[in-house]
Amino acid sequence: MTDVKLDKFCLVAAIAALLALIFPLSGVDPESGKQIAFVSDIPGIAVAMALCVIAGAAFTWLGVGHIQYAAIILAVAVFGCWQAIEALYDYGIAGHAGTGFWLFILSLWAFVWRGIDVVARYRSLETAKQQSANILVPIAFGVWLLFLWEVIVAGFGVPQVLLPAPSAIGVRFVNSTDILAADFHQTFIKAVISGYVIGCGSAFIVAIAVDRVPFLKRGLLPLGNMVSALPIIGVAPIMVMWFGFDWQSKAAVIVIMTFFPMLVNTVTGLNAAGALEKDLMATYASGYWSTLFRLRLPAAMPFVFNALKINSTLALIGAIVAEFFGTPIVGMGFRISTEVGRMNVDMVWAEIALAALAGTAFYGAVAYVERKATSWHPSFRVRRH
Amino acid sequence: ADEVTLQLKWVTQAQFAGYYVAQDKGFYEEAGLDVTINPGGPDIAPPQVIAGGGADVIVDWMPSALASREKGVALVNIAQPFAKSGMMLTCLKETGVESPDDFPGRTLGVWFFGNEYPFLSWMSKLGIPTDGGEKGVTVLKQGFNVDPLLQKQADCISTMTYNEYWQVIDAGITEDQLNVFKYEDQGVATLEDGLYVLEDNLKDEAFVEKMGRFVAASMKGWQWAKENPEDAAMIVLDNDATGAQTEKHQIRMMQEIAKLLDDDGKLDEAAYQRTVDSLLSGGSDPVITKKPEGAWTHAVTDKASM
Amino acid sequence: MPASADAVVDIQKLSLTFQTADGPVYALSDVDLKIERGEFVSFIGPSGCGKTTLLRVIADLEKATGGDISINGVSPQEARENRAYGYVFQAPALLPWRSIERNVTLPLEIMEIPREERIKRGHEALKLVELNGFEKKFPWQLSGGMQQRASIARALSFDADLLLMDEPFGALDEIVRDHLNEQLLKLWARTNKTVAFVTHSIPEAVYLSTKIVVMSPRPGRIIDVIKTDFPKDRGLDIRETPEFLEVAHRVRKGLRAGHSYDE
Amino acid sequence: MPASADAVVDIQKLSLTFQTADGPVYALSDVDLKIERGEFVSFIGPSGCGKTTLLRVIADLEKATGGDISINGVSPQEARENRAYGYVFQAPALLPWRSIERNVTLPLEIMEIPREERIKRGHEALKLVELNGFEKKFPWQLSGGMQQRASIARALSFDADLLLMDEPFGALDEIVRDHLNEQLLKLWARTNKTVAFVTHSIPEAVYLSTKIVVMSPRPGRIIDVIKTDFPKDRGLDIRETPEFLEVAHRVRKGLRAGHSYDE
Amino acid sequence: MTSNAATMNGAIGGESLWSRLMSGQAGPVTVVLIALFVIWYIGAVFMNAPTQIDRYNRAGETWTTTRLIEDTLAQERPILPAPHQVAQEMYKTIFATAITSKRSLVYHTWVTLSSTLLGFVIGTALGILLAVGIVHVITLEKSLMPWVISSQTIPILAIAPMIVVVLGAIGLKGLVPKAIISTYLCFFPVTISMVKGLRSPQVIQLDLMWTYNASKWQTFWALRLPSAMPYLFASLKVAIAISLVGAIVGELPTGAQAGLGARLLAGSYYGQTIQIWSALLTAAFVAAIMVVLVGWCERRVLARMGVRG
């Protein structure tokens, strides 16, 4: 191929940055009727924009073939993001951002996307390098999303009580670790863990019983699907009525929520063993329990883990929602609903962040165990295409 | 006609009868207003709604409104249709709670979501910690209903004279089996359902004038409701989209509400002062940290009475 | 009818009909067959003629709908419960979560044979199919042919007197196949096992068997039973002898009769 | 290096190494091969020696890591983009949700050939493999052998000059196989297509080919290239001729050299 | 499978009427249902007894067990209402009330259903779109996929009120906020399943398309999408049920507006357990019916695709 291929993303980045230098950076101050700031007033952002133009133009021609080039692009983007934040908060653009500013953000976006793209395509036979690339991609993407959120909230001057900026949430998170810890203990350690274990455990045992008795399989499963369609939101107040205010009622909600996904998946899984494998066991005159442990349970494992993963996200949500219907004055759900009423929306988001962190970690832990326990499953093998 | 959106604090019930009557009887229309009434709910924070531009005027309790003001939502009280507080703590006699001195060691049901401020002020005035320790009280976040009392999960629960109290009675418990502690009687009453708008809007003369008409028409509605409690309750029922409210309950609520109403809706400065003092006196953890400035105005009610 | 004293498999007027949604499928009809101890019987016939079904009936994996069958003088079910036979399926059917070694020793585990003994016998069986060195590998790390060999080792590991093999070498290349044919013959000559063997390959059938059963298309019937009398320790070279070619020719003729190409 | 004018496939010093987590796998090394227009070339060699890989390189399904390859004078990618070849995989690879007819006309659909034309050519291809009458059936309603025939029809349907076939008859019984061998030969003799054909069966390779390529175990190398000169319209009977047996013997010798059994 | 029949020593024996009744699905379901009702009644007696006894004591009445049982099954605000109480309430509000009335459950069900369906449609579309992106663009796969999973650990149900308020602030009211919450909940199972489904074609099938030099688009329509159909329908069944939950949750904070959620809330607010249970059961029925409908569509589509059985 002889003709030069232009890198479209870098081209967009360069053009957007160039336009950003021309268009006004901010809106007009309503009181004085004057522009709040021009590019020339803020050396940092001016330098960043110029860098974007240069880097964009350069890589439009060069292409971003190497991982080193991606590093340069990402570095330019990080510098640009930093300058954008400075301009917002130190030069009073917050709440008055104008066309120029948003064009600059667009330019950064193009850079970040291109950079992440290259890292995502990176292939190395060294596991350590490959793994760090694999982790870097979602993290960089997440950080970019947080940056966008920050810039949009600050740039448009969204009221704090509607949506706080991530920085404010972060500050609140760090300053409230004791409250967050207490809430986490109440909701996660007490309610979620016990509810999850009881729910998944009992469903697993019932699934084996149901599988043994075909009558139950035909009679219970169709109803089970209906119960799983019961909105938890309706079940939660009933559970509070039955099991009291403390964590027990939350655990009960979780048991109800997690029971049927586990039941249905395990029953499906127990039937996943192939006819040929079952025949094989029959030729050995293998008994029910022997076949169960040697063939059917191992074959059911992928399904069981599927349910465990689904349930890991359901459990936390269930506990938090159940706390809306009565609780002692501690817990993540309690805090969320109370602090909204007190206009402490940053605290609400700190709790949400905690929930997301805990939920993701929980899911990740289950996924890790799955990978270890069912490493034989084809889905964990390297894909050819 | 001028458009006005009113955000209520709670679901459609006789607690807000005045507004529904004014709407239904055409008082707003007469005043050249086109009013939209948005019911609230357990998790709707009216200050958040008004801050987001979802309403022009909201019904809120003063503790919550002043706390929001400190958080940057500059609410200003423009009228106070409720002169008295309807809040109380209701205890089962059999648990042996005879006076506030018996509170330590007890479990009390409290509403949160911005409604906990009166209770917290009261407790700090009594010097009782709310951390669940030996000398303090254990606080439960009370749900939507009175079950905690009926099922003895709490020794006392929060009730309103016009609402939850009667649910307790309806559940088969007689008045003489209950001990009630009204916030009014304990001298810790704070102002309840008032009308609040954003401070910035009041700079606009036309807005003040519009609110004047709104408050005047609303008070006319309240007056009518007070005089015709049964009909007012029916109007409320007509507006209840859930179709779940009962006639008996709403009529009784309207009768109780009537006892709390003010005549002209003009904020009583003394009552305001008493509320602010109570909120400031919270010891180490007061509801508001400094005396609010400009948190109320008579400009609107003055216009209204013209 | 009393089974002949030394008949390992005794089938009389056996028929099997599958009831399906589209109506009955007549898979086997009127099959008479006796396999004596120490015989090596091959089944050959067009695809879908019922070879697998017949083997499955013997193994008690399918119930006949008519006729009589006895294995070692008892019913197939009892024979299965006595672990009277080893079965090699057309596909390897290895359990993906077990290493090759643990796959091969699976039947021994089920029979509750002690661990040491299991491992010893597993090794021997793997050696027989030249898979020593692959004990710790998992099935997906082996090529198709190796997997099939592992499944043969598994059937050999518990040393049943009767071996039922359903196209065990179908997936292997000619050289490996020849080699395994030789190995199987040696094993059979040494141990006096009885073997029932399904194949598509005429030379394979002729080379291995003492008796070749040719089957017709559905409903599967036996159209010819050909006895051979090559010595037990025959070599691959017998395939060039006229006797061999003659038998092969007879088998081919029988087979062709079942097909519709009359070229 | 300029490709010879009439060479359909021209391979020089081709090598291919797979990079895997366990280290590199050398699948092909130093392969030189030229296939002229109208040739029928068979590839034979032990399992895992790289036959499939070689075919896949020709089809641009795998990229060589060294050496040169050209198809019709252009790169494999361009050849693929020109739809220069039809490929028959080892397994039928029919799409289960399409009727046989729509499976066979799938490539024509992708080449955006009008509906009528598609149906016409689909019918012809199905007739060639004797599957007419089964147009509306779904794959699971056909036996394994019929499915494989349908997949051959699919590769024939768009009438490419080069046919790449990877053990197309592996799953069929001997009689059907013989029959399809004859049909394939007839087609080839009539149309002057070029065929590259992978097989495990020595007689099949000898019977079909003008040139037999014998490959060694990994890393796949070509150890022998045997030309035959049977007439284009040979019959099945040539398999009994001494020339045939001689070629077969040479192939077997080459093959055996690649295995470790030195019996 | 016949092989199972052989190995599980199937009790084919005498085909009595009973065994024929119980071999289908209807028989066992009925038996289990009856058992459930019995347990429910017993539960109702036991759970309601303490308050009932309390009431007798307060009123100073004497009581017998029969009277206690009768009364526990006829309380106005039971802790656990008896099945017939719920049935009566449902009959009253579903059949005996004009469907235009605010007291009609049909009316409320319709309100909830409309946002459920809207959310379901948007969510499904979004879910498929995301999956298509993830399967075709490696950058999306690597960067987006972890966040798609994390997104579900955010307790959307808990912040639903804020969403309603924030959307209300930008002028979105009524149907749309509820549908958005449904969308958020139901796009997830669709995305996850569709990513799996669109990747389910075997390597050999993808190779086949490659040899035809098929474009990504052609491969998508001819191969990936048909292979993903079973996965899609499995996820749609989850999605439709979860979408209903979302709609109900979205109705809670908007307070006393209409819908099954509002009924639940109002019932809860006034301690009217019978009303809660009838709203709850109605919701479950609606969910079950929708799942059955999706299953019906599935069978039709798969039958057209020539799937066996």
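As written, the chains take the letters A, B, C, D and E, and residue 1 is the first residue of each chain.
By definition in this document, contacts are C-beta pairs under 8 Å (C-beta built on N, C-alpha and C of every residue); 3 or more make two chains touch, one makes a residue touch a chain.
In UniProt terms the chains read A = Nitrate ABC transporter; C, D = Sulfonate ABC transporter ATP-binding protein; E = ABC transporter permease.
Everything quoted here is computed from the prediction, not taken from an experiment.
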{"item": "Where chain B and chain E overlap in contact partners, by chain label", "value": "A"}
{"item": "Shortest chain-hopping distance from chain B out to chain D", "value": "2"}
{"item": "Chain separated most widely from chain D, comparing mean CA positions", "value": "B"}
{"item": "Interface with the most contact pairs, given as the two chains involved", "value": "A-E"}
{"item": "Whole-Å separation of chain centres (CA-atom averages), chain C against chain D", "value": "31"}
{"item": "Whole-Å separation of chain centres (CA-atom averages), chain A against chain C", "value": "55"}
{"item": "Inter-centroid spacing, chain E versus chain A (mean Cα positions, whole Å)", "value": "24"}
{"item": "Intercentroid distance (Cα basis), chain D paired with chain A, Å", "value": "49"}
{"item": "Residue numbers of chain B (touch at least two other chains)", "value": "42-43, 45, 48, 52, 143-144, 147, 151"}
{"item": "Residues of chain E engaged with two or more neighbouring chains", "value": "3, 6-7, 79, 161-162, 165-166, 169, 207, 252, 268"}
{"item": "Shared interface positions of chain D, touching two or more other chains", "value": "none"}
{"item": "Contact set on chain A toward chain E in their complex", "value": "113, 116-117, 120-121, 134, 137-138, 140-142, 145, 162-163, 215-216, 218-220, 222-223, 225-235, 237-238, 241-242, 275, 278-279, 282, 313, 316-317, 320-321, 324-325, 332-333, 336-337, 340, 345, 348, 352, 355-356, 358-360, 362-363, 384-385"}
{"item": "Touch list for chain B against partner chain E, complex", "value": "10-12, 39-45, 48-49, 52-54, 143-147, 150-151, 167, 170-174, 177, 240-246, 249"}
{"item": "Parts of chain A lying in touch with chain B, wherever the complex brings them together", "value": "159-162, 237, 240-241, 244-245, 323-329, 334, 337-338, 340-345"}
{"item": "Chain A to chain C touching residues, read off their complex", "value": "274, 276-277, 279-286, 290, 294-295, 298, 301, 374, 376-378, 381"}
{"item": "Chain D contact footprint on chain C (complex, rising order)", "value": "46-48, 143-145, 172-176, 179, 182, 200-202, 252, 255-256, 258-259, 261, 263"}
